[in-house]
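We just call them A, B, C, D, E and F in the order they show up, numbering each chain from 1.
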Amino acid sequence: MNFSVIGLMQAVLVIPLLAAAGVALTGLRPNLREGISLVSGALLFAVVWSLYQSVMAGDRSGWTLLELLPGLTISFRLEPLGILFCLIASSLWMVTVLYSIGYMRGHGESNQTRFYALFAIAIASVGGIALADNLLTLFIFYEVLTLSTYPLVTHAGTDKARRGGRTYLGLLLGTSIVCFLPAIIGTWVVAGTLTFKEGGIFGDDITPVLLSLLLVLFVFGIGKAAVMPFHRWLPAAMVAPTPVSALLHAVAVVKAGVFALVKVGVFIFGLDTLGTLAVTEWLLYLVAFGVLAASLVAMRQNNLKARLAYSTISQLGYISLGVLLATSAGLLGSALHIAMHAFGKITLFFCAGAILVASHKSEISDMRGLGRAMPLTMAAFFIASLSIIGLPPAGGSWSKWYLILGTLEAGQWLLMGVLMLSSLLNIAYLLPIPLKAFFATDSTGSVGAGEAAGIREAPLTSLLAIMITTLMCLLLFFYPQPLYDLARSIG
Amino acid sequence: MLAAAAVALLVVMVMALVRAMLGPTIYDRILAVNVFGTKTVLLIAVVGFLFGRPDFLDIALVYALINFISVIGVLRYFEYSGSRQKGAKP
Amino acid sequence: MLMELYNYWVVILLMMTGFYIVIVQGNLIKKLIGLNLFQTSVFIFYISVGKVAGGTAPIQSAGIDVYSNPLPHVLILTAIVVGISTTALALALVIRIRNAYGTVEEEELQKRDLQC
Amino acid sequence: MMAVLAEWLSVPLLAVGIFLVVSGGVGLLRFPDIFCRMHAAGVTETLASGLILLGLMLLAGWGIAAFKLLLILLFLLITSPTASHALAKAALHGGMKVDPDKKETF
Amino acid sequence: MKHSLSLFFLLALLWLGNSGHYTPLLLAIGVLACLFVMWVAQRMNLVDHESQPLNLGWGIFGYLGWLTAKVVSSNVAVVGHIWRGNGSISPSVARLPLSQSTDMGRVIYANSITLTPGTVAMDMDDGSVVVHALTEAGIQELEQGEMNRRVARLEE
Amino acid sequence: MLTHLPVLQVVVPLLAAPACLLLDRARLAWLFALMATTISLVISALLLYQVNQHGTLVYALGGWDAPWGIEYRIDLLAAYVLLVVSGIATLVIAAMGQGIALEIPQERQPVFYVIYLLCLAGLLGIVATGDIFNVFVFLEISSLATYALIAHGQDRRALWASYQYLIVGTIGATFILIGIGFLYSLTGTLNMQDLAQRIPETDSVRTAYTAFAFLVVGICLKLALFPLHLWLPNAYAYAPSLVTAFLAATATKVAVYLLIRVHFSVFGEHFVSSVLPLHNILITLGLIGVFVASLVAIFQTNIKRLFAYSSIAQIGYMIVGIGFGTAVGVQATLLHLFNHALMKGALFMALAAVVYRLGSADISAFRGLGRQMPWTMAAIVIGGLSLIGMPLTVGFVSKWYLVLAAIEADMWPIALLILAGSILAVVYVWRLVETAYFPSGDEPMPEVQGTVASREAPLALLIPTWLLVVVNIYLGIDTRLTVGTSGAVASALLGVGQ
């Protein structure tokens, strides 16, 4: 039994890698190539689902791949938060591939083999990050994720894409090398271990100053969590094709960031230690400021993907905030929001991509009246927006609820206010888009001009993907129990 | 007497050095250096006797050889470079 | 003190002269002359360090008890050979530089490199 | 007896040698141009060297030392004109103003 | 062969004169060294009548004696000019004819001119030699040609 | 035979050099040189094995014992460096069989190999000998050979670069000679083992410091520590490409070895740190070197030059490691010494492949190279990632220990600066990656010599390059050998745990 769990964990890493190899080898036969990705996605999801059952049964098996440095291993362990992350990633991989088939072919993108192969490698890195038993392992896969997604961001090869890629790589590698790595090494020097442990690994004899320094380094070093001022890479990466944006915003990259942050908060510092540090308070305010600021910036964006990107920055702030609150409700909210935001945001990006493919429109002001031509897409956009905002009947309402509870538990009234205000802003920058698409007239002044211009829904596979993720947003409102149980058992 | 000889040789060597510095042509300097060299040979021989170490003569002999070769070498260099400068630029 | 260590002063003077020539002269050959002076000053330093008070040249001879230390001489013999090899190589380089550039003046060389 | 005699004999040889060598040095400084200076240098290289080395030979007595001194002397006498000639030729070809085809006095 | 033998004899003399150690081993090494140098000289085509001017005969010693006297007297003359100052000299240049028939003879003549202080052979070709002298008298003395004749006689 | 290994290590290439001169055919000379370096490699591997088994090997040259004769002394550190040098030398010469053809005419190749072997012998000699004057002699042998190797470059600027290096190198060597002279006058010995014993007992501490100062300055000239690095970029840029690979991977490493030897073995950490502010100087200069050289590298358009400046920066890291004066710091330096040899060896060999195909190492030659020479370019990417210090490459291991040393010494700002330097490496590496994989605009791709089928570099170049790349990754994952060895060496040097 134990062996098979470890076998399954290994499969989480191996399946995407094999898929990548398979994709690379079958590059000349697109149907077979995408078939491999889809089958691998399904297989991976099945594996993760089985691991979900094991972890809920209390299994915490682990295994060590090798000893990289004396006393420092590359090890993996079954753990609820990691499985949560794996569930999101594996399910969304499948869906994203489905979506990509329509999008990439519809858009006539080049280098599709490279795209699918690197996507698979990114999923493998997510597996590594999710199952990592120590910071070193996490760090390694974190870097692999950065490097494997860079070519995806620069995919188009245009000047703009190269600039975006530069910002992406520069900020992510930069923060991880200059802050994350010294934080890890510092932790190693101070604590003598890097293995995640419930309640944290630091002894009582360590000065708060040193702990604060480490915390600050971690928070800023995990650049994928896009804590201001290191958020610039997310808007810059908008140049990538929409499926890549989905990968960045929902499936892998930003989720890897906040996941790492939660891991560090819970398993390196421990919520108790975190709560006692004065610097935590400051970081909370900084993050809260980021939440508001990003929302405000999002409102001013006319480009849909840019607006969604700033929305992500703001929503990531919620998750970071939840950890830094250092309360159990906050943690619960954070963990849930990782999932809820993933499904919501991926739907939004899928919709944005669908609109781009079908109507070649990227500016929000051009989308008035588009609802007649693309009713399904716009409906999906509406539901996903509800989830992001935190309104029923969408899954996001649960996570937002627990986050608010977290602020109350910590007695942070001001922060609660910030969260409420930000939710109002969410409404203001998200809901008008579908509403105007359905009810406003377009620029020519006539309702339903889109139909007349020959605009139809996106390709079938893309539409199917959108339907699936939208359904998930709704489903997670009505059946949050599995996720709730999983999140509950963290820490 | 030996000491006087050594001093005299040193004096002449200083004179040669003065001539080497004053020049004015490169040939004056080479001449001076040559004189300095041959006087060095003599000085080594004299000093050998002065200090009771006649084996220094070997050094004097070797030095005479080196001095001669180096002067010829330097002269060849200047003779060639002189005639080349007159010719067309390479 | 000053006179006691006169050999050091001589060495330093020679050394600085050589170093100065290497730095200031733009002519590659003159630079080499400076370099040789610089090296030679060190040779002198070694030999003078090996001097034993009252000792004579370390060539064995009847009736003499006190010799200077012969080891520095041996070492410097090696160093001289090395120095000559260096000079020979450097001169060969200068000849090739002259063939390639048509000059042995540093400034000219830099000018001609910039031209192409 | 012989040794003492030789020692006495060496004194005048060395003395004259010293005088000649210093004279040569003075000439080297005093004469107006390179060619004239070469004549002065010639003094120090021929008779002056010869006398000093002879003086030393007398001091050395019969033996290897004397042989070596003789060798040095021969070597100087053989190389000196060669070096002088090379120098003169180089100076002549190197632009010193002398017209060899016109007997002239400066 | 004659030249080789002469060279070997010369080299051996040099070795013996400079060594001072006459053990069988060192002597053997000396012989080997001389033979080696001879081999090298042979390869460089150096062993001939130019390096071993045996053909000059015994007359050379007579000439050397005369030359020594000449060198002494001209030394005295030049030293006199040195002390008397620049007013006493009259530097002059002249091209003098050569009456030697061989290269060796010309070299001996030119070197003799140079060896005597007060005169320097600056340049020469097949038939003449350019001489620089400290005084006009030096040129005139050479023009009288005693040295020229003596060297030419050596060649016979 | 086995007992003579320490001296054979040096003698084999030293004797092979003149023997190589007798072979007048280029191919034959190459085979012979390859054989000689391979034997050297085998010897160094055996030496490392022997040292691991029996501890330090001592070999008295010609049977004279230490104070009088010259002693060859192979401890773990020496064995480790010997292996690096001979290993790289073998790979480079293997690649030369084909890779040097375009840069050095056939008839000059035998002489070229002679010089190469001499250079190798010199480098190995520096490491193997236990006599400090012998170090000087070998240093000069290798240096002279290096000047000659550089002068073989096609560009006429190679001559000028070689000349400049000669001047600087000779001054450096002369400084070292002065230092040795002071040491000898102070202690009356040249044997480094004896020196280590007598220096602490000396009553003239000032002389000892003078000696140390001269030695350090001289060595730092040789290892191109900022600001004494000015000779290096031209020398590396204009030397034949594979010569650059060899020099970058070995010559400066041996100089770092020498610095470690003098600092820790001869003078000892206690002596050095007791009065001199040397540690701060080394850390400061090292860091400035890292930043200045990396910044300059960013703006280079000749990629050989770019990597040359990168080398100066990496040397800065090594010096910083020494500057900590702790076992972990020295361990980091040793790791980086070894690892940087692997990275730069691979990078410069890949560059040699690019030059072989495109005849240029200019950035413009790299446009779209990711498609045209995928394997060569992949090697450059991996080497570059290693340079940055990405996990799973050797570069990560050395960065890790360097930062560890800084944090252990409670120098957090230094740790952050060390890592900030890596960001600059990201910039200059990524410029290359971007050009190769995402070429901009409509400019035409550079003309590739040869047919489409043979666009990738020939296997003779590719295999040695990739051998280094594979080792680069393997040792980045299985770090036991390097970390274990360097740890043992560092604690031995600092007298920890003895």
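Rule of thumb we're sticking to: a contact is a pair of C-beta atoms (placed from the backbone, for glycine too) under 8 Å apart; a residue touches a chain by one contact, two chains touch by 3 or more.
All values reported here derive from a predicted model rather than from experimental measurement.
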Co-neighbours of chain D and chain C - touch as defined: B
Each chain counted as touching chain B and chain E at once: D
Chain pair with the higher count of C-beta pairs in contact (D-E, A-F): D-E
Central chain (distance from its CA mean to the mean of all protein CA atoms): F
Length of the line joining the C-alpha centres of chain C and chain E, rounded to whole Å: 36
Intercentroid distance (Cα basis), chain C paired with chain A, Å: 69
Centroid spacing, where centroids are CA-atom means, of chain B and chain D in whole angstrom: 12
Distance between chain centroids, defined by C-alpha means - chain A, chain D (Å): 98
Numbers and ranges of chain F residues touching at least 2 other chains: none
Residues of chain E engaged with two or more neighbouring chains: 18
For chain D, residues that touch 2 or more chains besides their own: 24, 26, 38, 68, 71, 80, 82, 89, 91, 93
Pairwise touch network: line, ring, star, complete, or other: line
Chains touching one another, given as label pairs in label order: A-F, B-C, B-D, C-F, D-E
Residues of chain D defined as touching chain B within the complex: 10-11, 14-15, 17-18, 21-22, 24-26, 28-29, 34, 37-38, 41, 44-45, 49, 52-53, 55-56, 59-60, 65, 68-69, 71-72, 75-76, 79-80, 82-83, 86-87, 89-91, 93-96
Of all residues in chain E, those that touch chain D in their complex: 14, 17-18, 20, 71-72, 75, 78-79, 81-83, 85-86, 89-95, 110-112, 114-123, 130, 132, 134, 136, 139
Chain B residues within the chain C interface of the complex: 51, 53, 55-56, 89-90
Interface residues, chain B side, partner chain D - complex: 1-2, 4-5, 8-9, 11-12, 15-16, 18-19, 25-28, 30-32, 34-35, 38-39, 41-42, 45-46, 49, 54, 57-58, 60-61, 64-65, 68, 71-72, 75-76, 78-79, 82-83
Chain E partner contacts - residues on chain D that touch it in the complex: 20, 23-24, 26-27, 30-33, 35-36, 38-40, 42-43, 46-48, 64, 67-68, 71, 77, 80-82, 84-85, 88-89, 91-93, 98-106
